[in-house]
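What follows is a set of structures to go through.
Okay, so chain A shows up in both of these, paired with chain B first and chain C after.
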Partner chain A sequence: MKKQQGLSNFQITAVVTQSMIGLILLGIARRAARLAGIDGVFVTLLTGVLSAAIAAVMILLCNRFPNLTVIEFSQEILGKFFGRLYGAFFVFYAMLVTAVTVRGFADALKMLLLPKTPIEFVMITMLILCSYCVAGGISSVSRINEIFLFPVIIVISLVILMNMGDVDLFRYRAVFSNGIKPILNGIPEMSTAYLGYEILLFLAPVVKNKDKMMPYGLSGIAIPLVLYTGLVFVSIGVDGALATADIIYPTIQLARRISLLGSSIEKFDILFILLWILSIYTTLITFLYMASISVTRLAGLRNYKPFIFILIPLIYMIAILPEDIADLNTVVLLSDYIGMAVVLSCIPMLLISIVRKKGGKNNGS
Partner chain B sequence: MVRKKLVLFLFLIPSLLLTTTSCWDRIEIEDQAIIIGMAMDLAEDQKKIVVTFQIAQPRAYVAESQSSEEGYYNVTKTAEDLAGARNKLSRSTNMIPTLEQCQVVLVGDKLAKKGLSGYMDFLLRTHEARRQLQIGVVQGLARHMLEIKFKSDLAPSFVISEMMSRDSQYNFRMTDFMSLEKLHTAFVEKNDFILPQIKQTENGLYMAGGAVFKGFELVGWFSGEEMMGARFMRGDASSGYLTVDMPSSMGKKIMLRVYETKSDFHPEIRDDKLVAVLNLRLEGDIDEIVHPNGNWTGKKLIDQCSTQIEKYVRVIVNDAFHKSQRVYDSEPFRLKEKLKCYYPAFWKANSANWDEIYQAAELKANIDVNIRRVGEISSP
Partner chain C sequence: MKIRKRNKNPKNRKSMEERQSHTSRSEDTVSFKLSRDGKENLQKFKAFLEESSDAVFRQFELGTSGISCALVYIDGLVDKMVIQQMIMRPMMLELSKLEKSGIMIGQENAYDFVENHIITVGEVQEAETLDKAMRFVMSGEVVLILDGYDKVLIVNARGWPDRSISDPDTEGVIRGAKEGFTETLRTNTALLRRKCKDPNMVIRTIQLGRRSKTDVAYVYIKGITDPGLITELEERLSRVDIDQIFSSGHLEQLIEDSSNSPFPQMQATERPDKTVANLMEGRIAILTDNSPFALLVPATFAQFFQSPEDYSERWIISSFIRALRWIASFLAVFTPAVYIALVSFHSGLIPIRLALSIAATRSQVPFPSIVEAIIMETTFELLRESGARLPKPIGQTIGIVGGLIIGDAAVRAGLTSPTMVIVVSLTAIASFVIPTYSAAIGLRIMRFPLMLLAGTLGLYGVMIGFIAINIELISMKSFGMSYMTPQSPLILQDLKDFVIRGPAKKMRKRPVQSYAIDMVRMDMNERENHEETTGIE
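After this line comes the complex of A and B, so read on.
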């Protein structure tokens, strides 16, 4: 009997989680504290739940077109012209995210670990490494995600748990003291921290058990939700909301606080950075996969591998453009807005597909 | 085919070598000036500071080393700020200064009185310095502390750092609470704080009491006993010893070894007035009774003793609170931080009047001392 091909249930979870945990991991607490102060924990939690709801809509949409990626079924739902336009938009978004992630990664690495290594070199080697993995197809991408998932979860969990004892719980007496407004105001910006689950739009044709997309896809979102909320809770609890908002990489500072076996083992941040690099790598390969598969499908072709090597120089050029951290933040903001537009577009797309009776039982696509 | 493979091989080898990016940042340990401690004093030209760097000599720590050289040396530089002094240090040595192993920063009292806010930015901003870095204030010149020769041959920076972090777990009169991380919080939230006080003695150093800060400026000192009171209120005391005078019917003095301290210090607003409530519970064993009288295994004497210790703790807590409140106008007990969290609406309405609110605040201390054992002998 021939073994069923495709991504396993666990791989769905791993791919979704690993594509979400990336650059923002270092600064999630800063963002939460800046947006809502002491209520940052609730912004993180609530936004995670809302992201899961959007992801659920996304999965419902994908389930209507089990053998197509978003690039193909968007053309069915929106028509050829708007579908292609949407696809081009998607390609641009995936390239932009890959570019800002690799640039942000190189900048952070230069500050934290390799001050004399040119960022150009860090970016080029990382992109080459990513292209090698992506060229292996979705099976390589998913396997890498699967392998790295537990080490990443363990290290982030250690950072949370080892600092839990130093949390000043009295700080949390002030939650909701400013009403619900700061929480609601913080949700739009915080929701960009959860981006990455767009990969679900490409997974439907390659998963083994298509009916398991919903539980395992949502599990993939639940993991970053718990980890991010934990990081924000600990960071604000230890340093206070104002100080957390002032620290560029609060997660690194939390990792630095850890000393094991008395003070025999310090510099836990090095281990953390190591695992964070793996997270960046998995995010990059996922988005590079998305970009290359999107441009291939948009061109009506099947073999996406040559496109990886066409996209890499373009991505590098976008990545090298920002002159400083302020420029980079502007590009990150742009990619975040586009990302939100992409994920939110699933809701009207699902509605249109229902109204126009595209996909699902009406269409054997 | 073979030739093709050879060309590929020759291309791959240098390409792979290029991927060893960390080589760019490789620094041999012998090339590093590993700063293990720093002392900052005010220079004669009051716009400048004198910074003494204590630098480790890794060679001296190698077990097989036959070298008789000391494990450290001190370098002093005068500059406008800490970053300037560090730059001067790097210009005067063939090694690269690094703060990654820096254990302690000592500040002279004159500089502390002038204010620390102008000198903290470098330490807070650089990723080299650990957030758990210890900071202490020296009565006199801080650099003298780094020149003390200890019998253990350990570098003064290590001794001071270990005293701060380890001994403060067993001694109520010392504290390691305010690390660089906590200073950052105090800096952004504009909180007052206490740093450990260090004095030089003939044979070494003496660490007890605290340097009280308001607005990042040293405003006064706490004695060892006041420090105990402050720690009970701040909630960072764990275990230590209390020595209390006793009525002659019981003995002369008694020493209680406290092995558990539970402190709940919180604000309460009663009739629009701030009341600082301290619920303190101490649990311990009697370690020594000087000239004991009576049967110490009897309930009555133990209860009387608990009452005496309660009175003593109440006095030191009150002394610390009122000295800080009335003499120094400083609030280093985290009352302000807690008021913001316990009564956010009250804080919003009255934050501009914090000084008046604090000055009018009352302390209500509920102290509960539990003596569990009287040692291994019972006889007077």
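After this line comes the complex of A and C, so read on.
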């Protein structure tokens, strides 16, 4: 009997896409418009391409160590001490992202859907639900990602397509009017919106077809790239760059404009929020998995289930720590910086591993 | 297999021995080896069966030779005509005619002569030990003891009252075969053989249950079914250690993957045509004696939404109906929860006129919508359950009680709102659309936790429930096959028989999800050539 082991090709795509689309989905157009005005579309597009390039480096690095996660191969590349330090960063980062995401989600939900429910209750239920899935291992995580991918893609595409007719190309007049500089300046901040693909560093040992990581991993980045660019384009085209920069959740705004079936479904934004819950959930489980597998591998253990239940209270504590949105934004900024550091560190890591002749085809591990 | 009870747990052994000393059991007093003395052998059977009134011991002599014989059988399980006309008559009367014409039968050749020339029955076996012989007696065969031989002849004379083949109640179709399995294993295997004449269709039988000795047959097609799957099934069946197999549903729970799940992990069907179609896809069917249901493994969630009817009708119609079933499953699970969430949390989401009329009807109701919903849904479940158990003549009463009193009168009395009645009836209708009963009931149960979640967290609670159900579904397996295949893991090829049912001509390959080793259902080249020629014409 053929045992189904490891992640299928499509599951790689699903995991990468779903871990990238999360909190930022609601505010992507706002960030783009704030950074570069009407040129925000190009910032989004360009950053996505750059992220894909970094992801390609990441996959090259992973391919040198097909049976190890980043926690283990960083110890081979950097040596025991620095490798562990590097691994500890991952634990901290993954916990921080989980906490920030669950907090941001609870805040957004309070604003959009449940004004009277305490955010603590929302966060606790969400984290418990996450631990239920992550306890099932990477197979459960990847399958949930896979199963929720289509609903999420379909609803975002609907938002883009249904608003396409209202796009006023006049609003795009004088594209590149400020030259290329604001676009380039916007890239560093925009690139944090694409974070999430660092899960690739943990996938190598569990992937079924290891040589297929490159095409399917990159197509996992292509999906958010297309969707984000579409959202930014439509949002600026409909509301104008100035207005978009002032709306908290431009994507919700777009969804609100849609009315289907002779306006019998006029609250499309609620349907959108419900499906957005799915994509938040998939981001959370991916990062919770990342956090727990990092801790486990750092400790040199195999069974990571107990660690989930140690991490959940810690994450919850980090999540309730910020008092308001401003506080939360500081933490988000911190997590974004660490995230960028983590992502960019792959380039020197690859170089060091080539120079020190670690990994690669001659490596027996 | 021994009749003797195995004492596995040494802690219990002492108490077992004590108990046995009070009522000494037959198997403790008799040795299981058959002796050459016919009287003694008969005595061994009597030690077990003498107290039972339906056991028959018939002693007679073989022709005029003076060799004493005995028949042992259970009255009611055997065909008396066979015993009288094909065993006793030739042995007693016709043999003596032969002897008159000069054939001599003595102690040395009696056994072979009886087996080869006297007994005119198709199936004859022999048994050397008592427990083997006893097993045959208990399943309706006749034991023939010949004096002077330490083995006995087993003559097949099975014949017992049997239900005739009838329309399968639980899986009706409009266009399709109208025959269903019965309680007799042999009839059921014959039904399968009639639908598939391939000699590669293997029917293997084992006996399960230490005391009940229930015949369990598993059927597969050699060359299509994965040998690994067969080994896995055999291994699971061999692990079953229980005194009685009650029904196929009982056996299902003893060999399934995850027992703490509301969803069935094997497909139970009453239909031979469905069974054979699944065998052709590489699955294994498990038939249990005394149970008119076959179990098909491995099963996936999508299978529970398929009906044999789908393949008889045109693909466009079938696809529409299949999609309808998926929508129905969503309605059955989520309607009451969404209604509660909308009414008590997000009333702004309901179109304004509808919201006003709902508010108007609800103004008479003293309960919050969650309480109202739980009362009504529980009442519906009560109605359904009582309707299922009641004798048919009283069953109509339930219809009247349900329709009139619970529906109309409850609304007039102000116990519930008309909208709630619509919600409950929609759920009820939708849940009966799902063709497989066990899957439908599993989904229906989900409504109650979902209603509670919706009552506490609104639509967010509904989403939590949705995610939790999905986690449950994707983490389940049926004989190693993921339950949500072909959706997760995504198998593009199998999607043509998932929410839609693709055109029959396009179904050239067997589905991946059943482990089939021979994938080709239609010869591709031949088919393509055929299409080309018809295209030219």
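Throughout what follows, the second predicted complex is superposed on the first by the 360 of 365 C-alpha atoms of A that agree within 3 Å, B and C clash if a C-alpha of one lies under 4 Å from a C-alpha of the other, contacts with A are read in each partner's own complex, and residues count from 1 in each chain.
In this text, a residue touches a chain if its C-beta (ideal position, glycine included) is under 8 Å from a C-beta of that chain, and two chains touch if they have at least 3 such contacts.
Because the structure is a prediction, the values reported are computed rather than measured.
**Q** Check the residue A:Arg171 against both partner chains and state whether it touches chain B (first), chain C (second), both, or neither.
**A** In the superposition, A:Arg171 contacts chain B only.
**Q** Just to be sure I read the superposition right, which of the two partners does A:Leu274 touch: chain B = first, chain C = second, or both, or neither?
**A** After superposing on A, A:Leu274 lies in contact with chain C but is clear of chain B.
**Q** If you stack the two complexes on chain A, which partner ends up touching A:Leu114: first (chain B), second (chain C), both, or neither?
**A** In the superposition, A:Leu114 touches chain B and chain C alike.
**Q** Check the residue A:Ala243 against both partner chains and state whether it touches chain B (first), chain C (second), both, or neither.
**A** first
**Q** Could you say whether A:Arg256 touches chain B, chain C, both of them, or neither, answering first, second, both or neither?
**A** first
**Q** Does the superposition put A:Gly136 against chain B (first), chain C (second), both, or neither?
**A** second
**Q** Looking at the overlay, does A:Thr125 come into contact with chain B only (first), chain C only (second), both, or neither?
**A** Both partners.
**Q** After overlaying the two complexes on chain A, where does the chain B footprint on chain A coincide with the chain C footprint?
**A** The answer is residues 113-114, 117, 121-122, 125, 266 of chain A.
**Q** Okay, in this complex, where on chain C does chain A touch?
**A** Residue list for chain C touching chain A: 226, 228-229, 231-232, 345-346, 348-349, 351, 457-460, 462-464, 467-468, 470-471, 474-475, 479-482, 484, 487-490, 515.
**Q** Could you please specify the touching residues of chain B with respect to chain A in the complex?
**A** 18-19, 21-22, 24-25, 127, 130-132, 181, 184-185, 187-189, 266, 337-338, 340-342, 344-345
**Q** Over in the complex, which chain A residues touch chain B? Could you list them?
**A** Touch list, chain A to chain B: 38, 111-118, 121-122, 125, 170-174, 177-178, 238-240, 242-243, 246-247, 252-253, 256-257, 259, 266.
**Q** Okay, in this complex, where on chain A does chain C touch?
**A** Residues 1-4, 8, 10-11, 109, 113-114, 117, 121-122, 125-126, 129, 132-133, 136, 139-140, 143-144, 146-148, 264, 266-267, 270, 274, 277-278, 281.
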